[in-house]
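In what follows, a single structure is set out as structure tokens and then discussed.
The letters A, B, C, D and E name the chains in turn, as written, and every chain counts its residues from 1.
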Amino acid sequence: REHGPVVLAAASLQESLTEAANAWAAKGHAKPVISFAASSALARQVIAGAPADLFVSADEPWMDAVAKAGMIRAGTRAILLGNRLVLVAPAASRAKLTIMRGFPLTRALGTRRLALADPDAVPAGKYAKAALTRLGVWPGVAAKVAPAENVRAALALVERGAAPFGIVYATDAHASKAVRVVGTFPATSDPPIRYPVALLKASRHREAAAFRAFLFSKQGRAIFARHGFSAS
Amino acid sequence: MAIDIDVEKRRGDRVIAVRFSAGPGLTALFGPSGAGKTSILAMVAGLLRPDRGHIRIGERTLFGDGIDLPPEVRRVGYVFQDGRLFPHRRVRANLTYGYDLAEPADRWMTLDEATLFLGIDHLLDRWPYTLSGGEAQRVAIGRALLAGPEILLMDEPLSSLDAARRGDIMTVIERIRDELKLPILYVSHDRAEVDRLATRVVEIGE
Amino acid sequence: MAIDIDVEKRRGDRVIAVRFSAGPGLTALFGPSGAGKTSILAMVAGLLRPDRGHIRIGERTLFGDGIDLPPEVRRVGYVFQDGRLFPHRRVRANLTYGYDLAEPADRWMTLDEATLFLGIDHLLDRWPYTLSGGEAQRVAIGRALLAGPEILLMDEPLSSLDAARRGDIMTVIERIRDELKLPILYVSHDRAEVDRLATRVVEIGE
Amino acid sequence: MLSPEEWGIVALSLKVGGVAVLATLPIAFGLAWVLARYRFPGRVILDGLVHLPLVLPPVVTGWLLLIAFGPLGPAGRWLESWFGATLMFRWTGAALAAAIMALPLMVRAMRLSIEGIDRRLEGAARTLGASPWHSFWSVSLPLALPGILAALVLGFARSIGEFGATITFVSNIPGETRTLPLAIYSALQVPGGEAMVTRLALLSVLLSLGALILSEWLARRTHGGRQRHGD
Amino acid sequence: MLSPEEWGIVALSLKVGGVAVLATLPIAFGLAWVLARYRFPGRVILDGLVHLPLVLPPVVTGWLLLIAFGPLGPAGRWLESWFGATLMFRWTGAALAAAIMALPLMVRAMRLSIEGIDRRLEGAARTLGASPWHSFWSVSLPLALPGILAALVLGFARSIGEFGATITFVSNIPGETRTLPLAIYSALQVPGGEAMVTRLALLSVLLSLGALILSEWLARRTHGGRQRHGD
């Protein structure tokens, strides 16, 4: 039994990409084998010479690292998706905040903490830090963050009431019943939140390029849109 | 002090049953290997629970009539057949273990006296595993005596000792028997020992 | 077969030094507790390395002149002072341990013979920890004999046995000594035993 | 050689690991004792519970801790209302996570040693006048020392390496919960962070090597009497 | 009760854990033996190396494995050219990661038991005609059995829970490297996946409870002779 191309994908794509793969398989193709993990772990595997076909990273720096290691097939790198950041609070919270320059997040936190993915390391955290910096809020908040292992862990901290606020992807907030979206960060963030994709040098699967193309197709984009991702 | 023992105990597929009373002095338990001598001492010491019966020493009931005193209040000085020195304590600490726990008034021998007649003063700083068979046996005797017991249980205490040493220790046992008037239960297969020490002999049958 | 021993060994702060030759028969090692009797047996068995000297049995050099045979080829049957039964094997498996390892031609006793004169046939399925002192001692004797050794080392082998059992086993030791002509090194403090069994007595001094 | 920040991380790791192991020691010993000495209904369940943190992925353990000790959790509310204490985002929470992860290793090591104790020695102590309690302290406990030392080493090493439960439960707060493994994780997430990872990993190794040497030294200091000899 | 996919995950976890523990057993025993019995220069270093996977965050261990056993790593290339074998993205790689993470626990447990062996019994075996080798098999090894059983349980439980090193080294490939903890991780990534997480975590617990019961049964079957009695 033949299997489909091997896809290494950022964990935050788990539901959407699985659905896309199923749709692709429904068209009579062999079902792609997808491994979801942190972009950093996947990128390191690619750099170590892993026999994979496609890499979808949650941010550009790791795709850059893979490219620099010469592991990407020329001309196949492209932006697959975009995402938005949102400020969330526990579902029971009554907090009201409008996200804008200098908005009083620090005061709203009081002595408590802001949950986000590790701002020095994890893509979602880095984006959050950049967004807050641009809004001039970061200096006040910096000492009050609770850096989590990944977005999901940050979300869990809010869900469990351990943190009164958190910053996560819109896609995550979208799917959780235990949190409430307080506000959405402007789409024009810098750096933009983008998921790059590329075919890998090690790719041997004949349908790898076709699956990549399917992700960019109308059907593919519709699936991602349904999960709250924005087209890039 | 009188000893009054009437116990029954199942071990494996056989039952050990004995019954005897004895006045003060040294009672030798005599019987073939496997007859149950060690089991009886263990029951008197409180390390083995009789299935039924009673054990009385003088006025005190150690076992029976709903009583089952824990070993530490029975005040028995037990010299085990297999030594059982504490491997993690040096000879000195083995000897003083029971001594330190006893009420000062209950002690009737000092460390110096014990090491002297047992000939173990040069061994005080040694670990038990470095002792020869006879040396370990003497330390075990000393440890039991130093705890200031009211009754002595001795399970072949002199088996690996040379005649001279044996004589010395027997003299001490005689003194304990006659001057301190401690009852002694004594297991030995050595005719000479039993003839010299025993006030009476109890046969433990197969 | 003749025994020729001349060894020296430091143990702690004292030195054990002996030197004796003996013809065939039973050589009793006699000496006070701590004199070094067990150490000598251990050196003959190959469990303790002499600091210098030699050990010869008949034509074979076990130690010395650059030779130091490992214990398993020395063919000694060692009855330890402290039993040392294998706790993880039942009595039967303890007895057959050396028997199964010996060349069939080297064996000179069967399991049935051994259990019969030692009176341990009812113990074959027991675990060692359930044995009484004397029972364990008899199993240890049986284990050593069944390995078909060329020399016996016996460290107070009869110390916890009653007179009857002792007599039986001494009869067998005499047969081994006289019929099989095995040299025997024998440690005992019992005058009667030594008088009856010993071809000669070697004094191990303090 | 080390930056002040790195010193801080090392000190925090030592504090978290040390407190975790020392606080767990008596509890783990108690569990080991009960599992080694008593047969009772539910014994396998207790044994299974002790092994749980080993079997579950650490993140799940951290998640369970969050559910129990978070501000909405029962244990968390109880701590808050009775002691005004919270473990959330505190080094004490990191120590709790490390302690729970180290528990199964510590219990097993001590249990092995307790099962190896010759109980006849406890009987001997009793005939010499020792209460069960005194016999425990003067005989059983010292005889179980090899297992206790092994438990200390294993537990400390495990604490020094604990990552998943900690970051999930108390997140990665510099100076409060960012122990060595969390700092390593952060460095590992950044392209090109390998040099930093190596540096911090070496620090971890040195810490635990120190603990190892200390334990060997302690074992040697006390081993005299326990030595088994070949005659 | 379980979906075919869940069965697949359980079977894979059992395979990975079982192979990891059984393959590691002799190596771990050898290390335990050497550490318990011999004093040599570099002994502490060896001991430290054995503890390494415990001390380092699992992710770092996984990363080191990736560097060494990846297709471009020295060990990986050697395996490839000599055996045509690769561990990348394979269950064998997951087993390697689990084995390495279980190693320190297994070595310690067995070492404790080996240190507890009464060596005079080995001497007795030799005088009865046993070569060192035979004495090892017939005396030392059976006497170390409690430690070996403990090592099996600890190692298996650790393997069943291993996450960080595995996902870092061999990724999260369904049917090949997605063991229970990785499946749990995947479920945790999905908001509202808690029910699935609970389900999978329960499966983990059941597996290790099974191993626990099996080991207790084995211990009871063989413990007769080792029992220490209170007289």
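In this text, contacts are C-beta pairs under 8 Å (C-beta built on N, C-alpha and C of every residue); 3 or more make two chains touch, one makes a residue touch a chain.
As the structure is a computational prediction, the values presented were derived from the model and not from experiment.
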Subunit C against subunit B, contact positions shared by both copies (same if over half, else different) = same
Report back the single chain whose CA centre is most distant from the CA centre of subunit E.
-> B
Please report how many Å separate the Cα centroid of subunit B from that of subunit E, as a whole number.
-> 50
Per the centroid of Cα atoms for each chain, what is the distance between subunit A and subunit C, given in Å?
-> 79
Interchain centroid distance [CA atoms averaged], subunit B/subunit D, Å = 44
Rounded to the nearest Å, the gap separating the Cα centres of subunit A and subunit E is 35
The positions of subunit D in contact with two or more other chains are 59, 63, 120, 123, 164, 185, 188, 228-231
List, in ascending order, every residue of subunit A touching at least 2 other chains.
-> none
Of all the residues in subunit C, which ones touch at least 2 other chains?
-> 47, 82
Contact residues on subunit D for subunit A in the complex?
-> 59, 63, 66-67, 70-73, 88-89, 164, 167-168, 171-173, 185-192
Which residues of subunit A touch subunit D in their complex?
-> 38, 40, 43, 61-62, 64-65, 113, 115, 118, 120-122, 145-149, 153, 156-157, 160-162
For the subunit B and subunit C complex, residues of the former touching the latter | 11-12, 31-34, 38, 81-82, 126, 130, 132-135, 137-138, 155-156, 159-166, 189-191
Contact residues on subunit D for subunit B in the complex?
-> 120-121, 123-132, 134, 138-139, 142-143, 145, 222, 224-229
Write out the stretch or stretches of subunit B touching subunit D in their complex.
-> 45-47, 70-72, 74-78, 80, 82, 84, 86-90, 97-98, 101-102, 127-129, 143-144, 147
